[in-house]
Amino acid sequence: MANPIQEAIAKRAAQELEQGQIVNLGIGIPTLVANYVEHNHVYLHTENGMLGVEDVTEEEIDPNIVNAGKFTVGEAIGASYFDSAASFAMIRGGHIDVAILGVLQVDEQARIANWAVPGKNIIGVGGAMDLLVGARKVIVTTTHTSKDGKSKILKECNYPITSTRNVDTVITDLAVFKYIDGQLHLVELMPGADLETVEANTEATFVNSLK
Amino acid sequence: MKIYNSSEEALDCVHTGQTIMVGGFGLVGGPLTLIDTLVELDVKDLTIISNNLGEQGKGLGKLLEQNKVKKAIGSYFTGNRDVGDAFQRGEIEIELLPQGTLSESIRAGGAGIAGYYTKTSFGTDLSKGKETKVFNGEEYVLEEALKADIAIIRAYKADTLGNLIYYKTARNFNPLMATAAKTVIVEVDEIVEAGELKSDEIATPHLFVDRIILAKKILTKEGVIEHG
Amino acid sequence: MKIYNSSEEALDCVHTGQTIMVGGFGLVGGPLTLIDTLVELDVKDLTIISNNLGEQGKGLGKLLEQNKVKKAIGSYFTGNRDVGDAFQRGEIEIELLPQGTLSESIRAGGAGIAGYYTKTSFGTDLSKGKETKVFNGEEYVLEEALKADIAIIRAYKADTLGNLIYYKTARNFNPLMATAAKTVIVEVDEIVEAGELKSDEIATPHLFVDRIILAKKILTKEGVIEHG
Amino acid sequence: MANPIQEAIAKRAAQELEQGQIVNLGIGIPTLVANYVEHNHVYLHTENGMLGVEDVTEEEIDPNIVNAGKFTVGEAIGASYFDSAASFAMIRGGHIDVAILGVLQVDEQARIANWAVPGKNIIGVGGAMDLLVGARKVIVTTTHTSKDGKSKILKECNYPITSTRNVDTVITDLAVFKYIDGQLHLVELMPGADLETVEANTEATFVNSLK
């Protein structure tokens, strides 16, 4: 079970989704978004080769139906399967309406870093770069600060960026930002958060667009 | 196409220095029987093209442990820290590709496409040193095709001609790799008579397939089990 | 995805100046109902991407007769001498592509690939003016992706979500065009409930499909007949 | 029904095929080759998207099963269907063992012309260029001379060439040539033909390798 902070972020991200959209959920917090999506509201795509991801009960588990995080999932009515090249053709070709991704850092141009940490011995990228260039809309989810209290919303990413593309929406445990006309706009405070906390924990310059 | 009785015989064409594609996304759709035999072979200096390289000491991870891997081309080695360690020690080369680029390059290799332009990885560390080109005002990266000497893959059913169908998300890289290697070796859950697979449903026509064995290791809810 | 009651309504998004992909290999797999409605529309200056351009005065050939075609991109206009004549008179532009290049460029258009290198047509009149590049000592031609505003295609069955399956050689260009146009309009022989098509058998997942109609013209042994 | 000359060429071409090969037959004389192939000897591929082409009886005709010439054909046991991009991926990718093609001209470098006639108003190329670059072996079939008696085996093609690739075997109503080490070799006379007739009707220089 994920922690309440992650659940709150996932729940808020789910509210961004519109009826009938094709949505790809990344590993981590984004995976939890599935728990807050109403049945038949959106269609979940997973880049390992499936459209129509659904929750699965313990009894129904099929070990050969997994999502991009290699967790077993269920098959919605009308689901389909395809090979990895076809799956990424959908992604790069602009056929995915929304990608929700986890990030390590976001900068004030809404560029993200989520695949490599300098000095760390972990080598992997998966589908992150493809989703960033291909999805019509990208929403990223993250805790606002790292475990040692440093802001993840930076002036400039100091980890390697995942794409030159600017994401559309950033959702953290403290706030929701939209990237509009070249600037990050604070559009919403998460429940329990206040402006001072957001300001204190955000290195990036942003426009206060709270209503 | 020929049906073999054992994975040892089916893999008798594997030699030191070859490039080998291995299907699967983690355990799902992986040719588990063939991988287990592959790691026992007395070969080295292999180039492995596979999304990931097993886990520590498991599956393809064993090949690495035994210093049989010269180079790994894949997208997500995160699940096996040995990969990063071996790379740091200079023991293996790594070519890290975005997952979409990995799969598209394998398709290109099988389709007679030498290279192609994708937006993916433009402006990132992964496109350093790669050619770029502008199409309609947008920047694209040139990626080259991947091919192999051998592909070992998993399918769900084969017929006696070698036609294949896949099961659910166990499809992943398998049909692509079936097109991109000189010798394609497949393990399947079941072999049926030609004509039993529906003609509109066949995912890999038999012209791509060289050798088939019945799988002895199957992924179940309870993990990988021996079978048959 | 929306199911429409008539081809007229389904085609209400077609406008002068658009690029339209039309599936089928001759009559086989052609969206015969939609083509018949298309040729009646009050639009012009169309760019048509299709393997062939009907026969004289039939199917897409009517569009040409009515001077509605600005440019035709295809592989085999041999079956309609009007195409050559119109070209000679300077009435239409023609982009002739090898059939493999035509199909690969459409796939590329749908797959976010801006261009790719093929050996096909190197050193021939069809690659004049195209960029070339050497890979592993062999010369390749750069071909660019094709995309469209509208694709009109034929499938065998759709489900109520918009998933499609195709029938035998009526598949041809249809699944490719389904990926490469902003609006994809499909005519099908039959619409079934979601869940009735096998998940491993679906050839075109519903995310590609915008509009569906039931076919009113069906190709039979005796020729094209009206239906329903 | 085709004429006896075409049938003889097709019959001879069929003898070039080996057990288990994947064979693509072009339009014209090559289509007739199917009549001389034993059942289950080879697998016929057609570039519009089918592997496993077979003869069809009048009763069994399905209008949606056609070959590259748009003629209805039958479905062999174990046949499969695929889209045009997949079909040409097989061709370009080197997965077709033999292509048998009709030609308008062949030159002494065994390059062929078979898609365009200067001054003629016919615009089409189809799969010819792809088959030439992709098939492992290319056999071409043609009448040795045109209707007005001119040689089709020329020093150099004067119609636009289809590929820079040299074909492997040329089969006409008079002779069989193989292209070996940069030269056309006459390896066989067709039944009823003699060397003098072949020499008189062949513009290209060739090596006499008759045994």
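First chain written, first letter: the chains are A, B, C and D, and each begins at residue 1.
One rule holds in what follows: a contact is a pair of C-beta atoms (placed from the backbone, for glycine too) under 8 Å apart; a residue touches a chain by one contact, two chains touch by 3 or more.
The chain lineup, named per UniProt: A, D = 3-oxoacid CoA-transferase subunit B; B, C = CoA transferase subunit A.
This structure is a prediction, so every number in the text was calculated from the model and none was measured.
Note on connectivity: the fewest chain-to-chain touch steps from chain B to chain C number 1.
Chain A and chain D have centres, each the mean of its CA atoms, that are 55 Å apart. Our note on geometry: chain B versus chain D, Cα centroid distance of 35 Å, whole angstroms.
Distance between chain centres (mean CA atoms), chain A to chain B: 28 Å.
Taken residue by residue, chain A touches two or more other chains at 75, 81-82, 88-89, 91-92, 133-134, whereas all remaining positions touch fewer.
Residues of chain B in contact with at least two other chains: 104, 107, 111-113, 118-120, 166-168, 171, 199-200. Applying the touch criterion to all chain pairs gives A-B, A-C, B-C, B-D, C-D. Touching chain B in their complex are the following residues of chain C: 104, 108, 111-120, 133, 135-136, 138, 140, 144-145, 165-168, 171, 198-201.
Within the complex, the chain C residues that touch chain A are 107, 109-113, 159-161, 163, 179-180, 194-195, 197, 199-200, 202, 205-208.
Here chain A touches chain C in the complex through residues 22, 43, 45, 51-52, 75, 77-82, 88-96, 133-134, going by the rule given at the top.
Across the complex, chain C is touched by residues 46-50, 61-66, 70, 75, 81-85, 87-89, 91-92, 116, 120-130, 133-134, 160-164 of chain D. Every residue of chain C that touches chain D in the complex is listed here, in rising order: 25-29, 51-52, 75-79, 81, 83-85, 87-88, 94, 96-104, 106-107, 118-126, 166-176, 203, 219-221.
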